[in-house]
Amino acid sequence: MITQGIVIAFLGSATAIGLACSGSGIGVGIAGAAGIGVLTEEPEKFGLVLFLQAFPGTQGIYGLLVGFWVLMKTGILGGSPIPITLDQGMQIFFSCIPVGIVGFFSGWYQGKTAAAAIGLAARNPEGIGKAIVMVTMVETYAVFSLLASLLLFNGITL
Amino acid sequence: MAVCKVKKVNIFTHLELKDKIIEELQKAGCIQIIDVRSKLKMHGLLDFNAINNMESTSALPEVKYCIDFLSNFKDKPKKLDKSLVNPDKVYDYKKLSSLFFQYDYKNIYKKCKELDGDLKNLKNRENHLKNLQENLEEWKELDIKVEDLEGTKNIKIIVGTIPSKDFISCLEEIIRIGKEIEIIKISLDKKQCKIMILSISEYYALIKKILNKYNIDYFKIPLEFSKTPQNILEDIYKELKNIEEKREIILKAGKKMYRENLSLYLAFDYLSILKNKRDIEKYIKQTGKVIIIEGWILKKELNKLKNILFKKFKELEIVFSDPKESDDIPVALKNNKFVEPFESVTELYGIPKYKEFDPTPLFAPFYFIFFGMCLSDAGYGLVIAALSYFALVKFKFEGMAKKFFGLFFLGGISTFIMGAIMGSWMGDTLNFLPKNISFIKTFLIDTISLLDPIKNPMPLLLISLSLGVIQIYTGFIIKFIANIKKNKIKTGFMDQGSWLLLISGILLFVIASAIGSLEKYEIITKYIIWAGLLSVIITQGRSNKNIILKAAGGVLSLYNLIGYFSDILSYSRLFALGLSTAVLAVVVNNFVMLFKDIPIIGIIIAALVFIIGHLFNMVISGMGAFIHSTRLQYVEYFTKFYEGGGTPFKPFKVITKYIKVQIS
Amino acid sequence: MFKYFTADTNNQEEYAFAVGRIRNLEKGLLNKDILDRMIKSSDIASALKILMESDLNDYSFDLNNPLDFEDSLNQELLHAYDIIKNISKVSTFNFLYFTFASKYDFHNIKILIKSKYLEQEFSDKLVSPIGTIDVEKLNLAIKEEKYEDIPDSFEFLIKKTCSEYNKLKDPEIIDFVLDKERYIMLFNKIKEVEIIEAEELFLKRFIKINIDLNNIINCIRAKIRGEKKSFTKEFLIPEGDFKAENIVEIYDSPLSSWFEKLIYTDYKDIIELGVNYFQKNNSLMELEKLSDNFILNFLKIGKYITFGIEPLAGFVTAKENDIKNIRIIISGKLNNLSPDKIKERVRDTYV
């Protein structure tokens, strides 16, 4: 049965996945451009560059995770949605906001940091350990937003 | 355990023995020779830089050039032919030089140079022709021999392109000049118009001026061609084809050379061993008759060095001494089998200074648990552990790679344990098992599993945060002990003790007020908090001189409290990442179930989706697990007690890039 | 907002790609250690060998004929410029290539005009293949006054230079005029193209530093030759930070007191040390070295920036600087200078 609540829950799921994945897309794009720059000169660095390029991709996964969790818990994915009131739908929508918005910006900025780290990897591979820490610092906030979304969602009684 | 003891070693010997001793030291590979050039110049010491060693001058660069050049012709790794060098073969150190001298690399170098030159020439010619081709393509319609365009003494010919919109006005202007002008339109499209103008030579300059005004683009083909553009194009096409054929021949020759000349790798490695020896010679002091080799050696290898040198040589003296404080002492780590793989994480951060302690055993257990919690799927754990074990056995890695695969192996085991506890086996795959073996599920889920984070996430979150508290506590205690060991008891109590008191007070208070039966202890915890607060305020501002600033500094330092709690909060990532693996695995399984009902191919698609989906999740989550457990050590844990920044111990030894060498 | 946003991310990707490539190439730049070893080596062949063995770069020399090193160096520089051309060709900052490569156009024009008026045949070794315009076309324009194949701005330039020369018949004039016109052209170019603010700031600062140093060196030269103030004033390049009037003001005071009057500028040390050295050794070598180092040090910011054109500018200049250093060392070895003397001459290194 499709209720108004379900529609809003859809919106929430879409927000989480859409925004977070866009952020990751931009981030991976920027990091990838830097990576291709490095590979033009030195193709053997492919593994390292790919590893660094994947960093801004996690925000998208967090968004996907929250989005799918919403779909699973509301039974949409199984094909038999449970009746959800408008209030519950709004709750679900708001619980998806953190991972969506934070994922967008954190993915974008992590992409920039990753691009810089790829530059470092090209010039001085020994320093890569520290560069990775710098890149992960950006991700911390995406993890926090994921946590917030999960906890908020967990607080909703369906 | 931990940081190895290092001794300084000085070897004195006769000048004649120099080469032999260096060779033995290189083979032994246990001593890091110090560059003494920068130190004070003692009287009577010769500067080795002044001595020019021209033997095999250009050999190494030449061999390197050949390898680089021929590697362009590398085939897909097929079975290698029976050649002198086989990548899996291990060579005897003694035989290297004879193998090298059998081999005529000069000849190969010459051939490579030739091929390279030919290729470059072809490329240049090709580029030139392609440019011409591009220009000519536009002028296909021009049905006049190019040499005729030069005109005669009296008649000039101008050919070019002008923008179509200006064509009419340009034409009008030109016609106004005089009668003896013939304008031929070769082609006209929306953008451009190609024209040819014949005129008597007096008008030539005038016409050009007008045309320049309209931005004419002249027809620029060297006049040496004597055919029409169409014919020239045909010739160019033929020549390009010809070039392509020639290149094929060169490529074939190159491939053949590549296959036949794998000995280049041997030559390269042999020459670099020689070069290393030559380079190290510069580090050595010498007088007219005696040389002094100064270096670092691990304490446990003292006897090995003595045995090797005294067995072969008699006229030498070895002196060992303890390192001085002021020296930059190199650091080597030594740990047991379980902890050793974690050294890779320490090395990424920067190994400890000689006087520091090795943090590896202190974080290894945490790392082990964290990795498992981030991935937390028994199925993935088994796969990762099996793959890394296979890789370790099959490829026999050395150094960093060995440590990394060891780390993944241990991480896999930890993941398996954590996954079993959380009841995640490739997500919820167990739910879909056929009825007759569903007892496996009952056993794995109902008996072994303790938590179900998808149904009830809170316990796992609390466990993650408690692990954070434990690790940060451990960090403080380690620093505390380190301070006390260094006889800085006061600093220890003031810096770490006061904070420990405050933080434990707060935590105890939270616990006491959360659990009903402990309510009566709440008042005690409040006293602990007050004591902690007071001690922090009193001690943390002590570096200031003024009493008011001291107090203010103490109060301000309470701000750090926020930092420590955000550190603890940071451990919630263990929960979030663990959950994300589990949920994504469930999502993959959901997709698999969508396909299973399609007849016949459904099963195949479902299997593919299952494998690819889980593989993807495993790789991405595994990367996350590695990165985030590492980060927790670096940012939250190490900052409490560890500095790092030591120089690694790099003994002078036989280093090869391509082949394996065995030193008997 | 969306427009701003897409423009921003597009640029970031372009920068990221460019800088990714540059970071790799930076490994090919020479460091102090290699230079030191080259300086200490016994002869040219072993110096070149150190360069080739250093495993960092693409220099390749024919060690059997070490004296042919010039070709290899030119090739290397051309290669560096090709890379910058390739990188910037497809990006929004394609003006960058012109900013740097036009230097060689002007160099070629100088040589060609001088050879025309002094009636000497120019040798191929003197002109550089790097410029944005083919040397043949320039030659056609200058020798036979056929300007069809070169841009209008250059036609104007050549005509102006020739007429200035014809007034005074002094070859120095050619250098002065062309130096001045080059910077004016660069400034015009920056105004012409669409350019992001951060890029514009950096490029303007870079060009201004070049102008200032050029002005200072030219003034000191003119002063040493005893030129009149009015003559020198004519050829000072405007647009610098360091206004032409300032220099004119102090022009008549003795050279050794110049730096006191310029104490509040960035260039005080350069002038003080450079002039000191000149008065002791009668050579402007130190002044030139200091001014090169100043530019290089300014560009070192490129090592720390990921999203911008600074690394590209830094790389090209560093490569030119490296090649200059190699030339200094090799010609030092050719003239049997002691390592200390050579060391005095080599410039700073970028890495």
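Read from first to last, the chains carry the letters A, B and C; within each, the first residue is number 1.
Everything that follows uses one rule, which is that a residue touches a chain if its C-beta (ideal position, glycine included) is under 8 Å from a C-beta of that chain, and two chains touch if they have at least 3 such contacts.
None of the values given here were measured: they were computed from a predicted structure.
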{"item": "Centroid-based (C-alpha) most distant chain relative to chain C", "value": "A"}
{"item": "Chain pair with more C-beta contacts, B-C versus A-C", "value": "A-C"}
{"item": "Between chain A and chain B, centroid-to-centroid distance (C-alpha), Å", "value": "25"}
{"item": "Distance from the mean Cα position of chain C to that of chain A, given in whole angstrom", "value": "47"}
{"item": "For chain B paired with chain C, centre-to-centre distance based on mean C-alpha positions, whole Å", "value": "35"}
{"item": "Residue numbers on chain A that touch chain C, as the complex places them", "value": "26, 29-31, 33-38, 40-42, 108, 112, 115-116, 118-120, 122-123"}
{"item": "Footprint of chain C on chain B - complex, ascending", "value": "49-50, 52, 54, 57-58, 60-61, 65, 208, 212, 218, 275"}
{"item": "Residue ranges of chain A touching chain B (in the complex, touch as defined)", "value": "51, 54-55, 57-58, 61-62, 64-65, 68-69, 72, 77-78, 128-130, 132-133, 136-137, 139-140, 143-144, 146-147, 150-151, 154"}
{"item": "Footprint of chain A on chain B - complex, ascending", "value": "347-350, 457-458, 461, 569-570, 572-573, 575-577, 579-580, 583-584, 586-587, 590, 620, 623-624, 627-628, 630-631, 634-635"}
{"item": "Chain C - residues contacting chain A, complex", "value": "9, 12-14, 16-27, 306-307"}
